[in-house]
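The first chain written gets the first letter, and so on, giving A, B, C, D, E, F, G and H; residue counts start at 1 in each chain.
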Amino acid sequence: MTPEDIRNILEAVKQGSQDVDTALESLKELPFTEMGFAKIDNHRQLRTGYPEVIFCAGKTIEQALQIIRLMYGQHHNILGTRASEELYQCVKKEFPEAEYNVAARAIVIRREEILLTDSYISIVTAGTADIPVAEEAAVTAELFGNRVERIFDVGVAGIHRLYSRLDLIRGGRVIIAVAGMEGALPGVLGGLVDKPVIAVPTSVGYGANFSGLSALLTMLNSCAAGISVVNIDNGFGAGYIASLINKIK
Amino acid sequence: MTPEDIRNILEAVKQGSQDVDTALESLKELPFTEMGFAKIDNHRQLRTGYPEVIFCAGKTIEQALQIIRLMYGQHHNILGTRASEELYQCVKKEFPEAEYNVAARAIVIRREEILLTDSYISIVTAGTADIPVAEEAAVTAELFGNRVERIFDVGVAGIHRLYSRLDLIRGGRVIIAVAGMEGALPGVLGGLVDKPVIAVPTSVGYGANFSGLSALLTMLNSCAAGISVVNIDNGFGAGYIASLINKIK
Amino acid sequence: MTPEDIRNILEAVKQGSQDVDTALESLKELPFTEMGFAKIDNHRQLRTGYPEVIFCAGKTIEQALQIIRLMYGQHHNILGTRASEELYQCVKKEFPEAEYNVAARAIVIRREEILLTDSYISIVTAGTADIPVAEEAAVTAELFGNRVERIFDVGVAGIHRLYSRLDLIRGGRVIIAVAGMEGALPGVLGGLVDKPVIAVPTSVGYGANFSGLSALLTMLNSCAAGISVVNIDNGFGAGYIASLINKIK
Amino acid sequence: MTPEDIRNILEAVKQGSQDVDTALESLKELPFTEMGFAKIDNHRQLRTGYPEVIFCAGKTIEQALQIIRLMYGQHHNILGTRASEELYQCVKKEFPEAEYNVAARAIVIRREEILLTDSYISIVTAGTADIPVAEEAAVTAELFGNRVERIFDVGVAGIHRLYSRLDLIRGGRVIIAVAGMEGALPGVLGGLVDKPVIAVPTSVGYGANFSGLSALLTMLNSCAAGISVVNIDNGFGAGYIASLINKIK
Amino acid sequence: MTPEDIRNILEAVKQGSQDVDTALESLKELPFTEMGFAKIDNHRQLRTGYPEVIFCAGKTIEQALQIIRLMYGQHHNILGTRASEELYQCVKKEFPEAEYNVAARAIVIRREEILLTDSYISIVTAGTADIPVAEEAAVTAELFGNRVERIFDVGVAGIHRLYSRLDLIRGGRVIIAVAGMEGALPGVLGGLVDKPVIAVPTSVGYGANFSGLSALLTMLNSCAAGISVVNIDNGFGAGYIASLINKIK
Amino acid sequence: MTPEDIRNILEAVKQGSQDVDTALESLKELPFTEMGFAKIDNHRQLRTGYPEVIFCAGKTIEQALQIIRLMYGQHHNILGTRASEELYQCVKKEFPEAEYNVAARAIVIRREEILLTDSYISIVTAGTADIPVAEEAAVTAELFGNRVERIFDVGVAGIHRLYSRLDLIRGGRVIIAVAGMEGALPGVLGGLVDKPVIAVPTSVGYGANFSGLSALLTMLNSCAAGISVVNIDNGFGAGYIASLINKIK
Amino acid sequence: MTPEDIRNILEAVKQGSQDVDTALESLKELPFTEMGFAKIDNHRQLRTGYPEVIFCAGKTIEQALQIIRLMYGQHHNILGTRASEELYQCVKKEFPEAEYNVAARAIVIRREEILLTDSYISIVTAGTADIPVAEEAAVTAELFGNRVERIFDVGVAGIHRLYSRLDLIRGGRVIIAVAGMEGALPGVLGGLVDKPVIAVPTSVGYGANFSGLSALLTMLNSCAAGISVVNIDNGFGAGYIASLINKIK
Amino acid sequence: MTPEDIRNILEAVKQGSQDVDTALESLKELPFTEMGFAKIDNHRQLRTGYPEVIFCAGKTIEQALQIIRLMYGQHHNILGTRASEELYQCVKKEFPEAEYNVAARAIVIRREEILLTDSYISIVTAGTADIPVAEEAAVTAELFGNRVERIFDVGVAGIHRLYSRLDLIRGGRVIIAVAGMEGALPGVLGGLVDKPVIAVPTSVGYGANFSGLSALLTMLNSCAAGISVVNIDNGFGAGYIASLINKIK
């Protein structure tokens, strides 16, 4: 609520075109639906153009379903991340148009047409095992209206594979680089391109990898500039921020 | 070197307009100056529009001076980060136009005119003690040609201070949020704006802060989307990536 | 045993109204029941007004049952925390009045009437997935005779939800704030209220959350004053200390 | 600003007793003074009865002085924590009534009379080396109007010392327990008293103490209930929250 | 092999009572049985009076069985630690006299009479859930010929339970103190007794317990002297070293 | 691609014996097969004499099978590490000559004759439970054409077992030392031999072993020189680097 | 205070030979001197035969001096650990018989004759840099009346040095093994002797030593039995517990 | 001492050509000089061809000097690592031929002619600030008789610098790769060369670098094979093991 909004309400009150109780409600405004266990933000898509997203981990199936029903009734596109196969089966029974991206463990229900951007987001992985996280980023970015290019398995251990796809990678307006194990890919990319690189460490690896800590620290300490980092395995976050950047006008 | 570049060289060789040795040198190309202890990347500004930057920590004064002399001779703008007062005094003797940002510990020598962007980068700090890191980001972004707005000491412990400046913060094309201690500022901002937020944890704090680890983890785990993170105290990195985003056309 | 108690025993011995052996027993006193694998504190409720609580994790079902039988015979209210569904089924067979709070994984047997306080404890969660820990706090506080208000899913990523409930939250004599992921909620609350805030980090999250370490560090480093912290997922501890504070006369 | 406050302003606007611009300012209200490097919260004492506190670490002497001057002009009591001897000398030159608690490294300027509570806060340390942190808590609590009892060097390695002071400790409405090394004192106290215990780990120790981490973990994992924890060495935070509890009416 | 042993062999060679090859074998001696996957130390019991012990975790059932068969043939007492129920069933089929301590997960086969010491080892636990580790220590110490007294569930949260058993605890020649969660028991005991205390942290707890790290650090940092520590959950190691101390003549 | 290679291509272009497009392809060369989810390096064996290796963890069975089919068609020896029993059953159905080393969890398909070196690699373990990691190293080294000697269960707790095999160990050109728990074996070996020692920490152990961290740190901090370390449980890496050293001519 | 003590007091009260107030004081007894900043345990030497020890780190010079004066007046032997050279100079001025062990940083004042045991404690170090910690153990053990044998610089990197001194080491009734870096010495010793080994990790080392954490973990994870561990650099603690063991009758 | 050595001594005793006492000494042999605080290994150079090396950190100047004098008397080449400028001045006064490598902080005294190998060791750094560690490796390798090639400042942030020197790097028989910050250089090199790579993490960096932990983890987790790792900043260890490999015949 901007100062301008407040001024307008005050003027309306002064001129009697709005009574005090209505104005009070506006100023206290409740742009969400109370569900007891959750408070759903209804105005979000109006404000930002982005659908509300459901982080399904830690919610019971019944809680997830209730939220989906509410959002479905508002005709929004729906994205459920970290969704189990079991949840998807329940959702599908009720909403047959629901799709499931197995690798990304994401449920998508498209209720509005999505126009894709001309510019695209490059999504790059170091290895095959990093693909699920990359897919979560891709599903997110696509649902938010971005064109996406996938370039998988180009890690630094065989760097000629990276070079052969460098033109395609560089063509993106922003790059998502997903890597586990030593996580060196974003740093090498950062020295080769002049686009913002969103680095996503994954928990892929073993031993002193410590569930992704190794890749996370590598990315944070990269001496190449132009790299920022999201949480381990956080494909959704990477897709979201890449979308914010790709849609800058 | 793009495929197009290679094709051009090959055509020139075929048509005899370039001899084999010259072409060989081009293909092996050495776009840097060998200094023994360092290899300076000469073509960087041509390629990216960004001046080469000197990370002064871990270099002797003599090493830093030699690099500055080389770059000065190439008429580039020069930025030295993590520079001691002592190094600055040596630089100033030789290059009187050198400036020193005490808070940021940055040396700047301007050799080319800098045109600022219309859009700006919002640089926000949670507290007063976070200002040095924010200044490093600001000096970097300004030298790279970005307009910057500084909004300091608006941390979440007194959140009405943040609200009073929210319009100015939101006006930026990209936001740099600098915070130590619990580092909650970027997450709160992420829920209030729809711009990319570059979060910079600082080592400000004590006890279980563990030299910035606390703020770093907070930022990585933020449940607000749209946030990515750079290394602890890495103002330069934040300024660089924000510049990449702000200059997207 | 206060100095006054000791004096009374000594006086009784002096006056011959108590023999030495009885006095010796009193001074060595054993205010617990020896069960071999456990020593149950019988006098606790008399001393503190609080029922003995059974931490069921790490006890076999048979051990838990024996302790419950003993306490049941003493007509105390009984609270079993971290209790499995399986344990509850065994308890219910023997004590049909036993109730089970599924979210909190708590068994409750009410054997005495509970009078609730007028003042209340506000129990707030950042997200839906934090509710089980909040429920453990609520069950504990209610069994100890406190009125409780639940305010769930008001995390800082959508801070207007928090504002809309701020009056209710502020009305409590003490506030329990439960949050996982980045755990910023207690710090933001601490700047908005002037009541003691008991912060409970939860293990909700993933990646660099490190099973709740992230939220724990955030809360310990909060720059808002008035916040103290209990162990990760320790809803019981939060409910207990909040009860101590709420019942201060 | 409560709904009641908003209603009052709206009624005043409606009845014409307040013009729109004044109301707008009230609703946007800026209850702080902008100093560029800091934003000082002027209304804090009115709202909470607590003086604004200056965390001096990380501020330059000039910045600290400017804030003190501003607050001095508002006739508030002033508390500067983590203040160096050097800063104190500068403050004293300008404000001769400033006092310095060497152990606590705290500067205090008393500008208003302080009425002490009848009930008191017990401040307990395990060892002699924990006294500076305890003093920071004591100075804070006293400036906020609380009576304080100091009971030092009663750690669990010689537990009879603790017993001899138990009546005094128990007499407090709330207890601050400060301990380094293994940090067991608060847990032992928690089993002996029925008052809220605020545990403060200190960085006192060596080796696997890891700068207070050992004591912090001990306190968080205490099996005695009724204990909550603040940051390592955070005497100020403990004093603040103890004051909130001690002043509950 | 002491210098005296070597001298004897040399003298025998010189006097011709031992030939060179036999002497060579003695000096190279191989006091173990090669099993390919393991090398079993046959002379151990002769040297130290202690039976060889089998750490079953990480061995296949077939490997464990082969080692037991070998040792059984040498008429030694056998102790298998960290043994699964499944392994025990296989052992029992072949050696019906094998016993299984369920809590300790230890298999014992007694093939020689065991004479117990007069002096005893006190084995103390803080809680009920620490009993399995204490039982591993007890089984070990008993098989090695030590009298043992078990005192369970006397943790510091209800310290009067500890006092009531203090005479029994103090009567031991050495004390094993087993505790999880905050692990404060050994430190409190260390201040009350003048016997060596072997502290055993357990992984009992949750949250910031970090699988026993909390208790381990507490014990290492104890300010009471006379305490040394073994690995988390290492009941066997505690029983072994306590036996070494208890049997000192 | 060496400078000599580039010169040859350029000369061919100049002399017209190679057209520009072919040369362009050579210079951009793509020495791998694109499989969408993976990019298989075809020229690897030609360049290095080493077969491509498949790290099976994190790949679906279908992905692993597709890669094996491709490599099988190229008549290379195939090594699949971290392969489940289930994957092996699928592979065997299609390629009956596939072998499975159960301990190492490795699939091997031999398609070319392997000539073993005269010199050998000593592979040593501290305990029985370290054998699986040692076997992974052995399988790797053997497939790469190295003779291997296995010396198992010679850890430092019974150091005479190590001495009895020292001549065999020393005879290797390079030594792989595999140890969990405290991981002291490589350091002791390093003081007894003058060959390079590749140390492999394993995750064998419990408690403060922290999944191999303990052994890893021991090995990195060894005061004996001549030791370098690979990742926890990384038998493959040790076998690979030992092969590089053993095959030095 | 044993049950027997309590009985005696009660009998005296009953028979009128002791009045109630005196008995009360006895039962509440205060066997320490209150110094405000410290509480000195006067009866300790009577109870345990051990002089009170002053941990000087974290105490001001004036505090340390006051404690020494008090103890000096009680004619006890005095040991001050972690004492600076500066503190020693102040102590010496007042008590000229004070001695200073530079390596151990320990102040000793002998006021009573010390009779040494026949049996001895072996104190072993891995390297030269571990000697200060070993000396702290030796000074402590000697002041407590133990004969000590020092065997320095016998670490496992040159294990023949250890063997040449093994008879002397084995001759001790208990062994203190001090080691930094990888800390393997106690584990190797544990396999060679059948005496209790007190392991002391030191902070000697660099890099992944992490201030002694590496050696600490090694010692805790030793697969040799008979080893227990004290805190990093805790020579005093090792000397104290070794004395308890060496003096067992 | 091999079995053959023992046999020879035994035969000599049998034949009377060696008396028992001499043989005893040989078998107990003491191939070191006892200095009280240290035991110097005299036979080391005979056995391994490597001079004894003095790790100067943690030794007093007098201790270091005594060791140097002893070794000087034995006409060995001497290497002192981690040597302060101050120590060097003392050494130089006594041994004017001593040299000091300032960057490596190494003292070298050459007393024997050193023949260099034909093959060489490539020593590569990622940045300028890594040079001191690389120099320690180089000084070590050269004193041990290896030819060395230095290639500095070729980190992955500007990977074309690495390519331009790749032929020189590849030419080495073994490669030492030194890198701080994110430490990605060894992994990228490992994919480009088929020589063993010894990776040395350095403590160069800041923030989440955690004193070299970041680079260490990166190197341990490298997905390129052929890489093994030494301790953080351990240039000496890398030089030593590279020498072992380079001198394989």
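For the reader, a short list of remarks on this structure follows.
In this text, a contact is a pair of C-beta atoms (placed from the backbone, for glycine too) under 8 Å apart; a residue touches a chain by one contact, two chains touch by 3 or more.
If you're wondering where the values come from, they're calculated on a predicted model, not measured in any experiment.
Each step here moves to a touching chain, and the least such steps from chain B to chain E number 2. Contacts with chain E and chain G are shared by C, D, F, H. The interface holding more C-beta pairs in contact, when F-G is weighed against D-G, is F-G. Using mean Cα coordinates as chain centres, the one most removed from chain D is F. If you average the CA atoms of chain A and of chain F, the two centres end up 38 Å from each other. Chain centres here are Cα means. That of chain C falls 59 Å from that of chain H.
Counting partners per residue, chain H has 3, 28, 127, 158, 207-209, 213, 216, 220-221, 223, 225, 231-232 as the residues that reach two or more other chains. Chain pairs that touch one another are A-B, A-C, A-D, A-F, A-H, B-C, B-D, B-F, B-H, C-D, C-E, C-G, D-E, D-G, E-F, E-G, E-H, F-G, F-H, G-H. By the touch criterion given at the top, residues 126-127, 155-159, 181-184, 187-188, 190-192, 205, 207-210, 213-215, 217-225 of chain H touch chain A in their complex. Contacts from chain C toward chain G in the complex involve residues 3, 6-7, 10-11, 13-14, 16, 20, 23-24, 27-28.
By the touch rule above, chain E contacts chain C in their complex via residues 127-129, 131, 152-154, 158, 160-161, 164, 204, 206-209. Across the interface of their complex, chain F is touched by residues 28-32, 35-39, 41, 57-59, 63, 82, 201, 203, 212-213, 216, 231-234 of chain E. Put simply, chain H touches chain F in their complex at residues 2-3, 47-50, 53, 55, 167, 173, 194-196, 198, 216, 220-221, 223, 225-232, 236-238, 240-241, 244-245, 248.
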